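Take a look at the structure set out below.
The chains carry the letters A, B and C, assigned in the order they are written, with residues numbered from 1 in each.
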Amino acid sequence: MRVIIASTTVPFVQGGGRLIVEWTAEALRAAGHEVEELYLPFPTDPRAVLPAIVGLRALPLADAADRLIAIRWPAHVIRHDNKATWFIHHYRELFDLWDSPYRALPADGEGVAYREALRRIDNLALGESADLFTNSLIVRDRVREFNGLEAEPLFPPLGGDTARFHTDSYGDFIFYPSRVTPIKRQLLAVQAMRYTTTPVRLVIAGSPDQAQFGADLVQVVREHHLENRVDLRLGWLSEADKVDLLARCLAVAYLPVDEDSYGYPSLEASHSAKAVITVSDSGGALEFVQDGVQGLVADPTPRSLAAAFDRLYEDRELAQAMGAASERRRAELRIEWPHVVRRLLGEEDR
Amino acid sequence: MKILVANNVAPFVRGGAELLADRLILELRKAGHEAELLRLPLGRTPEQMLDAITAAALLDVVNVDRVIGLKFPAYLIPHPNTVIWLVHQLRQVYDPPPVGWGPGTGFSPVATAARRADQAAFTQARRLYAISPMVADRVRRTNGVNATVLMTPPHADQQFRTAPPEDFVVALGRLSAGKRQLLAVQAMRHARPGYRLVVAGAPDSPEALAQIEREIEAAGTGDRVELIPRFVSEDEKLDLLSRCAASVYLPVDEDSYGYVCYEAAMSRKPSITASDSGGTLTLVHHLHTGIVAAPDPESVARAMDDLVLHPEVAREMGQRAEQCAVGLDLSWHRVIRELTR
Amino acid sequence: MRVALVMPLASASAIADVTLQALPYLKRAWDLEIWCPSEVGLRDAAAPVHAYHEADSEVLAALEGFDLAVYVLGDSPWHGRILPLARALPGLVILHDASLTGLVRHSAVDRNEMAGLVEHVAAMYGSWQAAVIASGRDLDRARWLQFCAEVPLDDYVIEGSLGVVVHSRWHAERVDGRTLGSVTVADLPVPTRSGAAIDDAARMRELLGAVPDGDLLLVTVGSVNPNRHIDVLLDAVASDPSLASRVHVWAVGLAEPGDAEDLRAHAEQVGLADRFAITGWVSDAVLDGILARADAGAALRNPVLEGQSASVLTQMLAGIPVIVYDQAHYAELPDDAVIKVAPAAGAPAIAAALRDIADGQHAGLGARAREHVLATRSGQRYADAIIEAGERALAARPHVTMTYRVAARLRRLGLGDDEGIVGRVVDHTFELYDLA
């Protein structure tokens, strides 16, 4: 088939948003299809959004391919008779973040009018889709709530050469690989290390997106004399190093606040047959990890998290068993490209 | 700088302009810029084309320092710092039929809108360049604006070489009606004895090859024409050029200077081209760097005869041809400098 | 919500008066500041007031800092320095006049924007109309007023607005479709009666002394213009000896010398020279005194250039029977509170109405008129309508802003008037935004 994947971007901002498009294109090509990836610049300011949506709507792609896959808001506005939307999230500042400090506009008549205009457009464009998918159950629920539409959860796998992941051992450290930023709560992991009773260690790896947060982590480590037990690798980590740490760690920690999907670190853990330690308010990660099965779900407090770290340190067999379950979890949830490709193309795949 | 290169996309079709855009991105990055490619569809029907113009007009580009626009309607996108490197306009709007739409075809609204938009975009652009003198001429005639010629550098970075001329004239390039290798083959009916024509290149279509084979059969020039109807590697090509007496390249109204002429010149060999070959006249100056023949077999034959029979003249022409080619400064370094200043 | 109320505060502006009546109630809902063109002798207002000299970029920048700008506009020079702001920064427009031709032209001359205005008029109305605008009043007064009715230029004033407040359903229908926002109808308050004691007793005696007891005093209130049909009133009175012998006709208000001369000549011609007077400007107190004595009023307008008539409301509030033409916003007044005559019926019908009044046929009318005004006109009600219009204006902003930006983008490429492109844009926009 000839497939166009249409996505929106902010030029020169390399977010994880592009990976899903690139990997999906790769998987489609591997399955023998011709793929064009189109990245359309799209503004973020609410006042610029409405006119730009008219522009997207005008794009003449309706008969340019057999199937159009729209990924990232509001690519689904593009017209095509055989359109699949893989919905990642709404224009969050006016929807699920309405009751938060991130709301884009005042909660007055104007803000409400913007929201309703966008809701109407989403209803129209999502409703036109021949197939409607979300990347998580959380987002499926939001689409139900905000748009009254039923979407099918379709979980995004890791792309690239996943054969590089392997398992060497279940060592003595918890590994937390992720962008270092307050919302990922590396600070919580570091604080937990004050309360562990076993020699378990913690390795944090990733680039801080705010220098201050990185400095805060360093400070807490120093303050509580955790230098021997907490390894802060702040900065760019090579893929090879990351794969190696995954292969040797005891388990992976992933502690975001209320994220709307399970995140790639969960999958990296799975590919490395490692358990995932997360917390009860992490959101989408709970769609991947069930407490005691693929990993542990602690309360979002340093002491509860410390107990989880200790427990795995003391019970390597448990760590290994849950690691194996974590590995199996992908198949259970059909987090695999052949399934994703078939569904994105509108084929049945029971 | 953060630079967005704006080009068209005809989904699932890759052509010269796509290669150019990709190469431009690469070279921009090599020069230390951040560069991304934006591709916009043009559409086919009048309604789709009006939509394409609308989509370009309403595209809101943030976080970009400069836009380099290559084709219609991509270069229409709004940005205060736009440089247009015109590969070509929408020729159907400006050329007479059969290329142009002409009146009463349902495309008139597109032509109207395109003219207005072009006028506005060309005037508002910070600078306007054209990839060839032909394109620059056209845009001056149709839109009354001046474009600086900034030619596209050749594809690959090649190692040219020169050797003493052997007894053949070489015709390179994909075999097609538009490139008129047939004309060179027909010329061999009238050529003086003592040399052969080597035609080397993959046929664009079975018919293109069949025509040439029929001509050779009918004219009985099988012993004077060596036909290599397949893809020719860079190495093979450069080898043929280094040893030929001359290169013959006779396209109809080519837009650019012709990579074949450039390669022959860099191999210090004279080129034969036709008076209606268009852009090749940039490098092939009659009796200076080569011969510009009338587009008929006898004239082409005389040109080939002259260069084969007078190797000293040919050698001098070849040297001047190389100087001419070098003088064009067809380097990516120059292109990037112009587009990013 | 921070609101900038851009209005005139000149003491002589009746529009300033009625707007200020809403102020105490507007302040309860809004964090409000008044921005007014500077004049000698500004009214007091119970809100922070910023007076500005020129409608320049500084004022505009300040207004942009508010959540909403509300512009009060009427067809008079008091609003000359408000109009440019309304056109530059979309907001809620409170529109008092149906025709704004005078204001628009005056402002364009002032700001050197005639070329743009002439182009607009040519496109919206026609080339002859554009020529008239370009050259100024080439027409006589009556024809000029007719022109103002036909070429009201309200489109020029409210295109790009977030919404409009008008003061009659008739006016609402006229502006329908000229704003992308909503049109709200508000009941116009009656200009405040100052309630001051008669300040010019001598003048009062002099004037009223001319009307013997038992004679009928018929008044018109407000500036004397050819569209007030005072000549028709005179004809009506003159046509019937029973009226001609008892009725005095007073035009209470300012008149331009030309208009005054014409009317006096007309009165002379029909034999009413000594029963007709033009009082010129009178103070509130004197006006009250005259209205107290008046037996009847007339508010005949043709063509109708205002959105609502403060003068008819003032007369109704005074409890006198008022004769009006049954058209435009006058038709919306209750049938049992005013006397409506068909414009085509002319002097004979007016004469008949006057006879009815003289015969006591409309005994309770005046009282009902007063009741109606008291029941429906108040600062509070006015403020309520404006506040609701403000909410609607906010809700219209996304859509108006979107339309503005799309239009600007198209204009940038010379495609603002391109039929092919505009057609596609309208199709897509309608589908996405459900522009009903």
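Here is the rule we use: a contact is a pair of C-beta atoms (placed from the backbone, for glycine too) under 8 Å apart; a residue touches a chain by one contact, two chains touch by 3 or more.
Please read these numbers as outputs of a predicted model, since none were measured by experiment.
Q: Which chain maximises the distance between its CA centroid and that of chain A?
A: C
Q: Using the mean of all protein Cα atoms as the middle point, what chain has its own Cα mean nearest that point?
A: A
Q: Between chain A and chain C, what is the separation of their C-alpha centroids in Å?
A: Centre-to-centre distance between chain A and chain C: 61 Å.
Q: Centre to centre, by mean C-alpha position, how many angstrom separate chain A and chain B?
A: Chain centroid spacing, chain A to chain B, equals 46 Å.
Q: So the centre of each chain is just the mean of its C-alpha atoms; given that, what is the distance between chain B and chain C in Å?
A: Centre separation, chain B to chain C: 69 Å.
Q: Indicate the residues of chain A shared as contacts by at least two other chains.
A: Residues 48, 51, 54, 58 of chain A each touch two or more of the other chains.
Q: Taking each residue of chain B in turn, which ones touch at least two of the other chains?
A: Where chain B meets two or more other chains at a single residue, that happens at 47, 51, 54, 57-58.
Q: At least two partner chains per residue is the criterion; list those residues in chain C.
A: As it turns out, chain C has residues touching two or more other chains at 406, 409, 424-425, 428.
Q: Residues of chain B touching chain A in their complex?
A: Against chain A, chain B makes touches at 2, 4, 9, 11-12, 34, 36, 38-43, 47-49, 51-52, 54-64.
Q: What residues of chain A sit close enough to touch chain B in their complex?
A: Those in contact with chain B are residues 2, 4, 10-13, 34, 36, 38-44, 48, 51-52, 54-56, 58-62, 64-65.
Q: Under the touch definition given earlier, write down the residues of chain A that touch chain C in their complex.
A: 46-48, 50-51, 53-54, 57-58, 77, 106, 108-110, 112-114, 117, 120-121, 124
Q: Report the residues of chain C in contact with chain B in the complex, numbered from low to high.
A: Those residues of chain C that touch chain B are 406, 409-410, 412-415, 418-421, 423-425, 428.
Q: Along chain C, where are the residues that touch chain A in the complex?
A: Per the stated touch rule, the residues are 1, 67, 391-399, 401-402, 405-406, 409, 424-425, 428-429, 431-434.
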